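Each chain gets a letter, A, B, C and D, in the order it is written, and its residues are counted from 1.
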């Protein structure tokens, strides 16, 4: 059953050095506030899973939290590269970073399989792609009825799954609305789940088939207004494009990045 | 009567014209998204645009910066989860056209969005991949590897240069017809693959037999020599190569208005 | 793209003798009007797929439309047996009826796999169940990562899939609300799909993540008010329990059934 | 102080008491549904009830006739598709207790809801299934085969008679511990299986080693002889067999009110 906690408490009680973490949000509802708190608490040796490692993972990698990245598209959307991630890959700065690279279809299916309690995901994928040459986790199974060889990847089952959502009610039931990505799957497949929300409400006030996570599927709920900034929250606020543009220059330069880290993260408190 | 237009505009409008009104199009971000929305705002008002973020039948007024902009969801008929998008809608066979951009493309229309190899990387010459120590690390495959096999056909739009048009891609992120042009022959369950490539110089299509990309149409004012110079392999031309029709005034107006509105909206959001 | 048609036209243009049909609706939104029209048009040799063959398939089987039943729970909910189905199984009346019997999990996964364009569904199922002894379609695959043996059944891909939904807009987009069952999967996995609806509206007027089928996934739309009666339509009408109770006596007796067929179906017109 | 109650009421209330407030319960229709809702309306107000139709955290005011009654959806926190229910919620490991009824149960708690064999069917005696020519064709497995393996544990409630309690079920629709009591040992990924069986005469639990069902508690006034007479195999009793506590007035009141309201609602709907 969900515990309501401060973001600081939620992270410190749930995330351990060496854990496998998934912070999701497919361009929408990205858990920036939670990511920043992980940086602030100096978590180390994390394996970070995310379909689209964008600024949030660039920041976590740059701050030295990660030892490994599992991903399918890495970039600053509409802007360019992830300079901190690249610096880690190419120059081991601030530390070496392993990577496991997939396609979106593979990761979406792997999250789905994790939520479905299966050990692996089966899909029609990777045909002709050389990603199979550089990722040992890609295997295959053969359909016993048709003989077709299908791609197969391990299910994703993070130690801790973190998402941001619009709102929770007082029983800890969570509503996610708009682009829902793989958020439901992350919560259902993770050993421990943390949900940050814009607000707590009396009534989710939603339709019968909306994307709702019951309170007993969530371990920790923390209120984090604007917790997805600079990404956006459907119905609450828009994306802060200037932040994404500015990030390019900040992240290109180790000193500027470290100054940003000090000023904007380490010297600030959690929500 | 010809309007004034840039090569980039020529490319976008030509790419838009490749789409028709009754298609279901899985749209990649950037050039494909621009072309697909120009199509929707001109000759293909009922085209179904789908983005990998789960937004189905979306009608944005401005171009999305990312695959999952709020505008896509707000203007969509419905929005599904990302696993459902890849399982039911793409793999389920409901996509007529996957519309992709790329960083590198080779003569068999294989796409590379993973790594650019260092020049002295001998593994590339052996037709192998250079992955561990790239010259440039690109964003990765995203949705493209399965869009290319699970959509009924694939359109590609990319600027023409020797940097992008290489004899062999440094890494096959997304298969066109494979390093030997024959990969699809062994996989009857997958789509036809790339059927057209639209650049700022010309239109290319795969040869029906060899699957090698050949130029079928030159944009007005573009010479064969220009295309040869911009292509990293000895490019062939269809004997009956045609001249691409020019954009009309409405198309250019729609494209320019769309780009203006997009720029205004994005800088306004940035200023919040 | 969806064609708006009369139910009579929709069935006559889409359903052929010998087809494999799925009429779904998991206790809710059962396509009775469409089923009755199939009876009226005297379709024959159908393979009927349905997780819960209840009254609608009892009626189709009793009327001689079916040669085979693929199912996972057959009964008159809260009342008892399906007497027409039993008469066909045991006494070949009005004709012999083959059967393929699954569990709900198997069929739900098989519909999901059909919608997902896969040849088979993989799930953790049938462990210790003797259904594997009597159903040749149950196979297994082994997870290449864990060695776990998982159940595997062929994907369901009907020739014609038929569902009833609350409403469609004028572009043929369909909204299903409440207990949505496997209706989306049926439409997406079928070669031809028919949707009957309570009404056509200007605007579906629904949330961003509701269960909506775009018009281009549907082949035929027919307006059939109370088309799910005697089952129910969330937001429109409740289940007619008396009909289910009365069915027991009607269906027990061949003559009473044949009289019912004549009076209530054959001598009445389609909507 | 003991209220007056019927054996059926004793069974339902005892089954209700097996559930606790913090559980997530996947509810079968009929007796399990009655018991689960009595639990929710008495000592377990926050229990999460889930039905295979996709309704999650449902709080019906009347008992559903079928697994997918409108009441279940209207009173639910949310309703998901049936594939999602079986994949994410049941197989995904979110169900504490699967609560099942049955037509036949054997000494290893295997359940049969498929076929009742003819008496002279020798295949049954050989521990095999009789499927093709049954005496009675039952509705089939429905959700039970996977509820029994994918829920963390299973509760069963069924009326006690030699017709239902047989040494070997005619067909294993849903595994308890298998025909030899050892099936779960070979499947570490699945749940613990049946942990309690509640009848109108007694409570049974599997022996920790052999997995054979033994009587652990007799309902007030019920004798061992009655249970022996109603069971199709030489039933064992725990040495320290206890007496089941009687229903209290509140439980009986809730149960009776629930059944009255249900009858009224269903006949009203029938009269439409």
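One rule holds for everything that comes next: a contact is a pair of C-beta atoms (placed from the backbone, for glycine too) under 8 Å apart; a residue touches a chain by one contact, two chains touch by 3 or more.
Owing to the predicted nature of the structure, the values given are computational and were not obtained by experimental measurement.
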>> Give me the step distance from chain B to chain C, shortest route via touching chains only.
In response: 1
> Using CA atom averages as chain centres, what separation in Å is found between chain A and chain D?
Replying inline: 40
> What whole-Å value do you get for the distance between chain A and chain B if each is reduced to the mean of its CA atoms?
Replying inline: 28
> Which residues belonging to chain C are in contact with no fewer than two other chains?
Replying inline: 112, 116-118, 123-124, 148, 178, 180, 184-185, 208-211, 234
> Which residues does chain D have that touch at least 2 chains other than itself?
Replying inline: 73-74, 79-80, 87, 91, 150
> Chain adjacency by touch: line, ring, star, complete or other shape?
Replying inline: other
> Can you name every chain pair that touches?
Replying inline: A-B, A-C, A-D, B-C, C-D
> Considering the complex alone, what residue numbers of chain C touch chain B?
Replying inline: 1, 112, 115-118, 173, 184-185, 188-189, 208-210, 212, 214, 216-217
> In the complex of these two chains, what residues of chain B are touching chain C?
Replying inline: 22, 24, 48, 56-57, 73-74, 76-80, 87-88, 91-94, 150
> In their shared complex, at which residues does chain A touch chain B?
Replying inline: 26-28, 51-52, 71-75, 77-78, 81, 86, 89-90, 101-105, 108-109, 111-112, 123-131, 133-134, 148, 178-182, 184-185, 211, 232, 234, 237-245
> In the complex of these two chains, what residues of chain B are touching chain A?
Replying inline: 29, 52-55, 65-70, 72-74, 79-83, 85-87, 90-91, 110, 114, 129, 131, 137, 139-146, 149-150, 171-175, 178, 183-184, 187, 189-190, 266-267, 269-272
>> So in the complex, the part of chain A that touches chain C is made up of which residues?
In response: 116-120, 122-124, 139-146, 148, 150, 152, 154, 177-178, 180, 206-211, 234
